[in-house]
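First chain written, first letter: the chains are A, B and C, and each begins at residue 1.
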Amino acid sequence: MATTGLISPAEINYIREGFAVGIRADGRALRQYREYLLGLDVISHSSGSARCRIGFGTDVLVGVKVEVSNIEPGEVPNRGKVVCNVECSPSTTQNWDSRAADELNNELTQFLHRCLNDYDGIDLEKLCIIPNQSCWILYVDALVLDFGGNLYDTLLMAVRAALFNTRIPKVHIEETGDDGEKEFDVIDDPEEAEPVPGWADVPLAVTLNWANQTYFVDASEMEEHCTDAKLTVTVNKNGHICAIQKSGLGAIPQKVYPEMLTVRIRQEWGVPLALWP
Amino acid sequence: MDRRRVNGPELSVAPLVATVDAEGAVNFVQETPKQAFTPDTKRQDGRSAGDIRPIYLRAGLVNQASGSAYFEQKNTRVTCGVYGPRQNKKAQFNELARLECEIKFTPSSCEKRRALHRDPEEKELANFIAQALSPAVKLDRYPKSTISVYISVIQCDGWWSAVAAAITCASVALIDAGIDMIDSVVAASTLVANPSTVLMDASQSEEDAHPHIDAGVLLVAELPTFKSITHVVQMGKLDINQTTKATEACLEVCAKIHGVVNHYLRESVIQQAEI
Amino acid sequence: MSSSAPSPFVLSAAAFEKIAPEEYYKRFTSQKIRPDARRFPAFRQTSVQINSISTAYGSSVVRQGNNMVICGIKGEVAEPKFATPKQGYVVPNLELSPICSADFAPGAPSELAQTISHRLDQLVRTGHLLDLEQLCIVEGAAVWTLYVDITCLAFDGNILDAALLALTTALQNTKLPRATFHEETSLITVEPTSPSTQSADSATVALTVARPLFAASFACLPDGVILADPNATEEKVAETLVSIVLDTSGQLAHVWSHGKTAVANSPTIQACIEQARQRVSELQNIIQLAAPKA
């Protein structure tokens, strides 16, 4: 995040010097998360939803809607679809003008799209109802209500929780003709609904912030202004790295980089592991 | 509908590619079968797994721009123009220059026609490229100004190789523009086909043959002299050993590309001095 | 630099050109020469390169002096208009990317790009450039839409000539894949083409351009000076700009004339047409050189 009028050079210097000796403004250790609140089923008309608030700062609301969609000719015949959208309301923080908010929305939307769609996570093939005809489509909509740093981690936490909370109705498939044509009925009974296939493989993100020759997790808003570069690593429950993305305008030394990758989500950091099987 | 452009019919679709056999049955052409790689296997175009396609590099092709470059690796062709430093249009004072990046894939650059306006993918890539280049540019030397980097992908043979090419090309264009930099930025991309074959600089057909479900892509941009990573993107599930191996392979190739860039820059300076 | 007496004020040529471009040009034109050493009726060196983009159905790269444009043609399938069930569409668009000149901003097309795109569209529609019925796949149901996208990578004035040359040559070298209509599913499919088999085989159909069109543009300066193929600076100092579009037999297809003062008078237009005729035969030689060897 670019330097803004919100923080003075002296403050930046003060916070950065703190990193070097392992002291942070709010008394946390370098690798300690803030407390968080996670609520499930917060939107009554969605198929699944969750709200995650970290350190009484960043607040993300995620709703998932499940619908039936057609598979058009030329598309992959046996796969469901996931459509993501992330929106930061401009009122969230005074730093974002509408253009910056647009750019951030796009960055987060693309990131989430990659996390859920093409790569690992949700089992898209199980979302197919009848090959070449119909499939489930998952609309994952995230709304950033408030910003206090560490957006990536909070976002993925809320998305994972919302997918855990989502139920997909069961379908009854029957063959209508001799030539293998099929039709299906959606069973309305909410008791019969199933969880999202592969939700447990959806990764969580850990963002490592590189500043003053050291790195730390879960940056607050002020700390993000003092950071040279950020490295977001998403990890699934098997410890596989699902995605890496660097952001910020600085560089990360080659020597430290492999070490940063080996940093895993650990219980003692207070990482929200409630949904970690 | 965009009134400022010539519009075609309301709806048009890319033709479906299919083969029709003698009985008239239609077979849609499926994803090409995967090739199993051993370290000795030659790739479709005769390269081995660690080879990149030969690079052709030229600077200073656009005479109106402050600096420009053209970068070609077989069918991946990228051109870049740099304008600036120019005065910041906004009145707000900024100690650092703003590095503004735009990337556009020309409509006929890919298999499927791309729209004329910038799509979300291109906006995100522009962001990546700005982040990859910024650490190299001495932004504090140009307060109150904007440096614009415009990139056009003329042809794309491998999405991530085109992005890597764009970063390297943009860095050469910045050098051509005489912008103060601490180092050139070079980038390399790789496709990790399971179990652990690292295909450097993958072409489009290789990307198509390895859907992301079971393969990973890695892009690394670095400052070779400072041994610093300026950007890294990975997609697809890999374990830590695969990631580390792929990163090392990318850095190795980055060093080679850096050699090519340096050689070119040195030669062009000598040539200019002779004139 | 000596610090003693203030040196007399000397204006460098580049500064003179910036401050008083009209006066600067007058100094040259009075000597019957242009700042880039061209004579008045001389066009800049032009070259064409054919089908270098393998992802397109047809493509060309045109260099004209410091201009460089790339034209790529992509085909898509669409429904024809009710009134013309056999005619396909040709959709030309010129993109003046921000790379090519400081005058163009990223985002929406500039006024110049809109004007040129519109002119190209007009030529395709009314200039009988090609028979749109050859784009028919199934009458009344499916036709080809050819998206002709011209991207400018380096800009130095007179972009219409370069853009039209790119459009004509790319269309002349376009090969459409053979399309099949399947009645039960009402789907249209095409045979796969690999870049290696793209030239001359049964899976593709070559497009015929019945009436190739070429443009020649001129800048009219005060005192009746006519500059052929004006560059960016010359376009700015010109009073009137004239563009002539001709076919290979020298027949007029279009004349555009616009300027800040009066419309060019008829002897001027006549003179321009004469020069344009010569230019067209010159261009045909250039295209012949670029044509793929059979």
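Everything that follows uses one rule, which is that a residue touches a chain if its C-beta (ideal position, glycine included) is under 8 Å from a C-beta of that chain, and two chains touch if they have at least 3 such contacts.
These figures come from a predicted structure and were not determined experimentally.
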Central chain of the complex, centres being mean CA coordinates:
B
Result of counting contacting C-beta pairs for B-C and A-B, higher pair
B-C
Where the CA atoms of subunit A average out and where those of subunit C average out, how many Å apart are those spots?
48
Cα centroid separation between subunit B and subunit C, in whole Å?
29
Scan subunit B for residues touching two or more other chains and write them down.
14, 16, 28
Residue numbers in subunit A touching two or more further chains are 73
Sites on subunit C at which at least two other chains make contact:
185, 187
Residues of subunit C that touch subunit B when the two form their complex
53-56, 59, 66, 68, 70, 72-79, 81, 89, 91-93, 95, 97-102, 106-109, 114, 117-118, 120-121, 145, 147, 149, 151, 153-156, 177, 179-180, 182, 185, 187-192, 232
Using the touch rule from the top, collect the residues of subunit A that touch subunit B in their complex.
3, 73-74, 103, 106-107, 109-110, 114, 118-120, 229, 231, 236, 239-255, 257-258, 261-262
Residues of subunit B defined as touching subunit A within the complex:
14, 16, 28, 96, 120-121, 123-124, 127, 130-131, 134-135, 211-213, 218, 222-223, 226-240, 243-244, 247, 251
Complex contacts: residues of subunit B adjacent to subunit C
4-9, 11-20, 24, 26, 28-29, 61-65, 68, 75, 79-81, 83, 102, 104, 106-111, 113, 116, 118, 148, 150-152, 154-156
